[in-house]
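These notes open a run of structures that come right after.
Next come two complexes, and both contain chain A; in the first it sits with chain B, in the second with chain C.
So, the complex of A and B:
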């Protein structure tokens, strides 16, 4: 049997696994279907001369220990921490809210609202940090049965994980825009509105993997997400991993319930003693192995996984930075949440439930060139606006819904940043259907499975098991965001797969 | 509207009332849980008094003749969760408990078709197979799984949540394969049961605590109408939709019932649900408990770090070794309890936490007196289907839209309706040839945005009749009288804060140690001698009597221990 490890997918998790295994002396081959590495953390010139991040690009949750262990800085990673975490621009008669990593600075800004929120903010951040710190160990290893008991005797943590986010925030704050900003940080990974139970969980997840003592900062790699995946690829390559692009895996070779390698679309067979798949559980088992080789009960479980939490990204090349009302330049470096009120998000989720586009899409905007100007040619700026809570199966199909969505997003943007439409020189729009067809993200979800409590912790697959039962194929490990702990640029699922494989 | 005659009413016969005085135990509230607690305490030989704010007993289990000749079960309308041990131990059948089973559930669909589920599984199979053969086959396996899950919840219900969680946490950590010997035999037994569960069942259990019922049912069924029909149990009494995470738990909660040993059967109390409270009251009195109505309690008295009795609204004071409240947390741990009386300065934290308790009601009740039986388009002729439950929930989207209306402070324009026709089950409920239709309606938020229930009550009633007419054409002309009750009415008449039928949303953030508060999760409150026994305690909600019984057992246990220590 071959000692080789075949890794399906050259996204950040696949590359983390490859680099760790190669450093441990294993023979590794990474098979990436696209012409470039990075998967949902890639940077591409979808607008000529502009380096556009297509998916995840915030490294705030990326494990710092991996940066050291894989010597990513030596391999070219340069981190830039944004001065601001998040902001909600002013709209109507409500002022702008800016969340800084330093609680005091945020509180100073909130004082302008003349409410109790300024005083509440530092206490809120401290409490959030305490809950997040209690959760963090559970995210860095598979959740055990004993953790269930531990969680049940930590009632405040359990409560934060299971209650509606809007309600939790309402216990602290009066300013609706502030609540909207926090909902905007938490909810992109779900199809849930902030009034739904369990929406505290994604905020805790975000904070637990972010910074320990403060609100998770926004951290970007110089050169875009490719700055991270490029360093990971360099680290893996330096240790001897073979990284193949344009290698479309057609199926995982399974013989008597044991994986023995993969077969590419062009017919090439690659023998391997172990296979790590960073594709979604559905793509891994249903597409690459096939339902006939699996037990019907397991197939039904796979089919029941929800891939909701669907987004579209609009990249705009502007001839100047847009002017969001009430936001000074440093505030433009963080995430800009374009929702006035948690209900804006709730109503978008309402529409998506019935397969409709939201009347007024809420968006998360970023201005990568505010931190890293060379991402666009001189005299140009990039605005990335991501609409969340979209239906994957949209009424009438994306061919007609796409242009309609573009129009609604631009109308909304103009409301938030008057004059922005006049500054647009070029644009590109990536729709949910594109994420599935181009990046094999089942259902267009960027997190390989909705980040809701019913698909998290004990209920999310781990590298070798799913809810306590071993995966049905020997020699196959899961290493993508569909695994515990979940989505975002964390590197954890890839690391867990590598560690689990090395332990045997 | 509430001045109807009620059989459930009744200040005690027997011993004349004492003004003031001393008792072994005072129970606040004569709803079914308060009465069950009182009965168990009295049965153990304690001198017990129950103090009820309203002129009648029963709380939410109230029946009345609101229209000449027609009797309504005003709020609660079906009984299934009533614990068999309560029925047997208190001998409630002897005291007048008489449950008529409802044998079927009819879900009319907009196309004139329907889903019909009967207690005979074979007939149900054929009804469902018309819509989906796969689902018809899955249904029996699903019921079995739900029954197992319900059984697990029963088991868990008996242990104090903190001890149980500690047992599960400690199991793997310190004593692999062993249960700590310090735990009570019962907790040890239950945690062993939980740890020995097949992994698949533990997974289902976790899913039930966290998932939406739509996602949960998706794992079993393909037919939308069936999923909608089954999801009804997941939203009853809860401000949730089938697609809201957490609704799967409410579904499970409704799978814990039985009538006469028939699992998952629902029964109608002959004469109206008030008869259930009357039976429990009769049992309690039989054991010597005294029940006083029109007797609102103002606050719990404490001295030396212990509860010593209660002060009544009229200024009288009653002393007791033990005080038990069946009221919702806002009352029990809020209005009745002076934060300064709680030892160790824990009172303020408790009060702040109680303020976040979610118990705004979301359901209304529309009771209709009809000129004759309704004619449902799908089954127009009279038949056994009229003796069962009838639910308007034709699709998941339908229920979801009803919820969306209410989320922003309106009542559902086209509501979810769960109804029974009590006069078919018990002809004494209406004059011959006429009938009463008891409609439980969602969603009706406690607070309406920009208007009030006094302005909207009629419009809400109209929406219900209009919706019914879509499935039973002509029903609008049959209505002789209607009684429309919104959550604020449930609050003022039944005395439940917010009008939430479960005394607080049944969701993971308000279960286990969080029901109703980490400091009061196992019926004890932080004030020694003061206990809770209502629906807002351990796994409470519904006419189960479980909390009342478990609280009484906890109190008796504590009294025994105190007695032993004193010796």
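So, the complex of A and C:
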């Protein structure tokens, strides 16, 4: 049997697994279908001369221990922490809300909305941090049955996991824009609106892995997400891992229920003693292995996984920084949530349920050049606007809905940052369907499986994961966002896969 | 186990709109007209009207065969058959033979079988029906079986993956009796599979299996479809079955049909003119006797019934019910799901689940087949270890029964009773419990009290003396029994080829 480990997918999780395994002396080959590495966290020159992040580019949840262990700084990673976490620009006669890592600073700003929310804020952050601290260890190790018991005796945490986010926030705050900002942090890439049960969970997840006592600060890599994935690739390469792009895996070779390697689309067979797949669970099992080779009960569980939660990313090259109402320059460095009210998000979710585009898409915007100017040529700025809660199967198809969505996004942006339309020099738009066709994200879902409590912890990737039931194919590990603990730039699924494999 | 209407509320809506077609001005409609008017397949319309009829909302005009409106929900003779017979019908589903069986059912005793009303017996007592199976012939309506059609290029592969038997060896025109298991090798069901065409099979089973086959078909090019309500099924069983079948069906070489063969024919005697309704014939049954089963489209069901009963008139053919069926199947040593074994699909306890071998169906498990069928791993392990339980036949003779009952000065009170499904413990003589007896029955044919029992594998040796509990008056006594060969009754004619069986009959 070959000693080689074949890793399917060169997203950040695949690279983390590769770097860890190569460091432990294993022979590693990473097979990435695309021409570049990084997966849903890649930086590409879709606008000439601009380094555009087409996916996630916030490293706030990335495990610090991995940075040290894999010597990522030596391999070129440079972190920049943004002064602001999130903001909601002013609308009408409501002022802008800015959330800073320092609770006191946020509270000072909230004072303009009345004393109640200002007083509540530090207590809210403290409570959130306490819940998050209880959760963090559960997220950082393979889901254990004993942890289920630990959760059950923590009713407050359970409630936060299962209740609607809007209700939870309504117990603390009156200011709608503040609630909108927090919903905007929690609800990217899900189909659930803030009034849906289980929406507290993503906020908790985000904070638990992102320094909750400072409300999950925004951290970027210099050079965009590629700054991280490039350093991961360099670290893996330095330890001897072979990283192949343009290598489409067509089959995982299974013999007598044991993985023995992979076969590429061009017919090349790569033998391996172990396979880690960071493709989605559906792609891994139903496409690369095939249901007829799996137990029916496992197939049934796989088919129940929901991949919904799709988004579109619009990149704009502007000839100046846009002026969002009521936001000063430092506030522009964080996530800019473009929703007046949680209802804006709820309405988008409602429309998506019925296959329609939202009338007024809510967006999450970022100005990467505000922190890292060389991402765009001199005199230009990048604005990334991501519309969430979009239907994957849109009425009329994306060929006609795409231009319509672009128009609606631009109209909304103009409302939030008057004059911005006139500053646009170039643009690029990635639609939900593109994330599936170009990045192999099943159903366009950006977390390889929606992040909701029914698909988390012991239930990720499928029900009965809690029982520690081994995967039905020996020598195969899942290592992408579709498995525990889930999506985002954390490196955790990849690390867990590598650690379990090394343990044997 | 209640069967749901095929499409949930859709069926109700369709039935309602059918019902609304009737009015005082238009009190009578023909089936074909109604079907066309509502855009329904005639068999669907037939089924829905059957339900309305059973509910006393419409009736039939015996002369024109049309459906007539019964405005007050049954005042003019459209009373529910069930209520007239003084029992509560569990579900308003009737088989496509219901009008015939209902007319013949003097006992008024109906039982729910998968949601369908089925006659327990037609006579007040099942004796004549029981003897008909062994001496002449009996006709059973077994339409409530669940029927699933599997079609497509991967249909053989799908069955080979689901079933414990080797379907690569199943030729067109054959039927295979098989088990199927869950992933742990625990028995889900047993049933027959017909290979109708190279890429078309029909599975018949006592319990629902559509979802399971569907789950197993993911990633395969095979369509799994429930056709339960589309087909009516009759079982013609007994020594005269062949003679009757030959007179009722043409185009089938009954003498040349081997046990578990399948053939297509049409209704009508050999000399008859015109085209009769198509019928599929299988040489199968649940009685351990010579017999055939007939599979027709629901709309042809009554015509099938009529052909067989006309042909059977001179042969002593009797319509028979579930009680007689349950009696003869015990003599034949055939196990019944949820009576003699619990399906793993709904066993509440892990301990209740059994493997095919433990249910007496070890012969259906083909570990030498190539496919990695569901449950194979576990069954391979079981073969190494040996099964923990075994299904055995037990036999108590008349003298032992007399000994038991003499204590209370009575004749043995087991004669003339239908098969009992009440589970009772089985012991080693004078010792502890080693299993349970699940069906027992005094066979008038064999003059023996016979039983099916699940016992620990170590005592499942032919001839071993065991004891099982019998109620003698109010007392619980142990009857000495002996592990006996199953089937208890195996006439040559059951499997013999045409000429020999004809002689035996």
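Here is the rule we use: the second predicted complex is superposed on the first by the 494 of 504 C-alpha atoms of A that agree within 3 Å, B and C clash if a C-alpha of one lies under 4 Å from a C-alpha of the other, contacts with A are read in each partner's own complex, and residues count from 1 in each chain.
Rule of thumb we're sticking to: a contact is a pair of C-beta atoms (placed from the backbone, for glycine too) under 8 Å apart; a residue touches a chain by one contact, two chains touch by 3 or more.
Note that this is a predicted model, so its numbers are computed, not measured.
K.L.:
Once the shared chain is lined up, is A:45 touching chain B (first), chain C (second), both, or neither of them?
P.N.:
neither
K.L.:
Just chain B (first), just chain C (second), both, or neither: which does A:453 touch?
P.N.:
first
K.L.:
Touch check for A:292: first (chain B), second (chain C), both, or neither?
P.N.:
Only chain C is touched by A:292; chain B is not.
K.L.:
Tell me which touches more residues of chain A here: chain C or chain B.
P.N.:
Counted on chain A, the partner with more touching residues turns out to be B.
K.L.:
Quick one: classify A:328 as touching chain B (first), chain C (second), both or neither.
P.N.:
After superposition on chain A, A:328 lies in contact with neither partner.
K.L.:
Once chain A of both complexes is superposed, is A:300 in touch with chain B (first), chain C (second), both, or neither?
P.N.:
both
K.L.:
Does the superposition put A:192 against chain B (first), chain C (second), both, or neither?
P.N.:
In the superposition, A:192 contacts chain B only.
K.L.:
Quick check on the output: what are the common chain A residues between the chain B footprint and the chain C footprint?
P.N.:
300
K.L.:
Any idea which chain B residues touch chain A in the complex?
P.N.:
161-162, 164-173, 195, 199-200, 202-203, 206-207, 210-212, 215, 218-219, 240, 243-246, 248, 356, 358, 397, 400, 404, 407-408, 507-509, 512-514, 518, 521
K.L.:
Considering the complex alone, what residue numbers of chain C touch chain A?
P.N.:
Touch residues, chain C against chain A: 157, 161, 182-183, 212, 215-216, 218-220, 372, 374.
K.L.:
Per the contact definition, I'd like the list of chain A residues that touch chain B in the complex.
P.N.:
144-150, 152-153, 155-156, 158-159, 162-163, 167, 171, 192, 195-198, 300-301, 304, 306, 343, 346, 350, 353-354, 452-454, 456, 458-459, 467-469
K.L.:
Per the contact definition, I'd like the list of chain A residues that touch chain C in the complex.
P.N.:
Per the stated touch rule, the residues are 286, 290-293, 295-297, 299-300, 303.
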